[in-house]
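Got a structure for you, written out below as structure tokens; questions coming shortly.
In order of appearance the chains are A, B and C, and numbering begins at 1 in each one.
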């Protein structure tokens, strides 16, 4: 593992063994409808409260991901989960039904990347064998908590975004994959004094800009090396602002995509500036990005989830809205294949290099690492992984 | 390298699509006008049924409130308001919607602690500040009255 | 004729509200508070009555009508009970509307349920 700046890159990238996305009614009418593992058109899920319904969405996500990985819940070393409800109760109450260590996270809509990043770190560090990351949101629960009762007659502004009713879950393990988590960059809080509660995209764009800039500074990669750079839910306005901010910072992007603009069709679905919510990036990651990586349609992507960290209280108290964005570097292949040439140059320098470096090079699998099942690890490494 | 927050505000304004002002106003005008028209019709109807002007007015308000409550409970008021904006917000039907919608929504939190406690969570300020204004006016009027010969 | 003016004046009052929503940072809640207080002020100045006569429900149905009701109520009650009337007048006048809303709210809570939006 190697850390530079805020970016951690894994020498042994963990794989994402399985992923599942659950969507609701509006998602079933959207462009990704066929990609979801499960669509629940009854927003209530037959429950009495919207909050319980959101827990059901999260539960279906976790159960489906476990089923696809052919794992029992007790195979999980931990579940990293969070949502938008106060005190993250959707996730906590979902985990009430699973006897697995639970780490509740609050990153608002950035939770999925945060959870995936943390899970990947603990797996890559050899402390866990299976860790799940999941996140959910529910339009009705978010509306009644952050805005107004559902039957209230209010008009949405053009910059408003529609909270996704859905969940996404990904399970990380040392074996398994593609796709692989090559690295993570943990975000920093950035507040550019946006006070408009109806313009979350504008509030979060600076944080996304910050994390992206740090990733490229830390890794010396170039944006062109990636098939796409995804953000969670900047929406129409936030995406525009992100691109402008990055351009001003000397990093124009041609391959930016936003999950909030992918999950819904803005032209036909009355979602104003696009989708949002903790479940937005989670669902799009698990039904759109990860499958494409596994199938090899995408080779390397950066995936960010973006969050707005205000509460109703801070907003009413006149505070501005801080944002945060966490980044996960995903690839369809193990880094060995991409770095084969670099390694060969390395081997030459190694002859006079440190013993540590020699062990490092010797531990790597052979020249042609293939996608699919991981090559056998060296015994020394295996011990370290346990 | 990182932008200045003041400049960012300018960028946000330019990047944010403005509300379609004309369309919003036309909708507000038509729906707001229509609700008032309905009120006028009801008022005439009640007056023609023999009620005094004040009673007719009270009954008109009560009827509009009842209509708003029913359409709110059915989910129709929200659909109309999503287009009509101020056209459904400003009339008294908007007030009723603001009372009925939290009552429905917070039922899950109990009739006392949900419905009872949160019913006026949206309309509360209208009552508080309306009353305050009336108190202020009442006090002023008390002192002005002898001068006005009223 | 009053029908036409009810429509036009009522519509115009709503348009002012819409302009405030779209062009200023005022939230709907603050706009409604402004309307109610404006109604009290207009009524106090004696400008509301002519408007109500002219536009009928076009003036009484929007929230400024509620403000007018409060102002009238407090004037009546001050005339009757002196200074203490300042405390009772507003609520007395508003009683009908507020109680009707409250009762409707309770019944709706009993019979209705929260719905997902589209």
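The rule we apply is simple: a residue touches a chain if its C-beta (ideal position, glycine included) is under 8 Å from a C-beta of that chain, and two chains touch if they have at least 3 such contacts.
Worth saying up front: this structure is predicted, and the values here are computed from it rather than measured.
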item	value
Furthest chain, CA centroid comparison against chain A	C
Most heavily contacting chain pair (counted by C-beta pairs in contact)	B-C
Chain nearest the overall C-alpha centroid of the shown protein atoms	A
Whole-Å gap between the CA centroids of chain A and chain B	41
For chain A paired with chain C, centre-to-centre distance based on mean C-alpha positions, whole Å	49
Averaged-CA centre spacing for the pair chain C and chain B, given as whole angstrom	8
Multi-partner residues of chain A (each touching 2 or more other chains)	144, 149-151, 154-155
Residues of chain C touching at least two other chains	21, 28, 112, 114-115, 117-118
Multi-partner residues of chain B (each touching 2 or more other chains)	18-19, 24, 72-73, 75, 78, 82, 85, 89, 94, 100, 102, 104-106, 108, 122
Chain B-touching residues of chain C, taken from the complex the two chains share	2-3, 6-23, 28-33, 35-37, 39-41, 43-44, 56-58, 60-63, 65-67, 70-71, 73-75, 77-79, 82-83, 85-87, 89-91, 93-94, 96-98, 100-102, 104-109, 111-115, 117-118
Of all residues in chain C, those that touch chain A in their complex	21, 25, 28, 112, 114-118
Chain C contact footprint on chain B (complex, rising order)	18-19, 21, 24-25, 27-43, 57-58, 60-62, 64-66, 68-70, 72-75, 78-79, 82, 85-87, 89-96, 99-100, 102-108, 111, 115, 119, 122-123, 125-127, 129-131, 133-135, 137-142, 145, 150
Touching residues on chain A, where the partner in the complex is chain C	25-26, 43-44, 50, 139-140, 143-144, 149-151, 154-155, 196, 270
Residues of chain A defined as touching chain B within the complex	48-49, 144, 148-159, 192-194, 199, 202, 206, 209-210, 213, 236-237, 240-241, 244-245, 248-250, 273
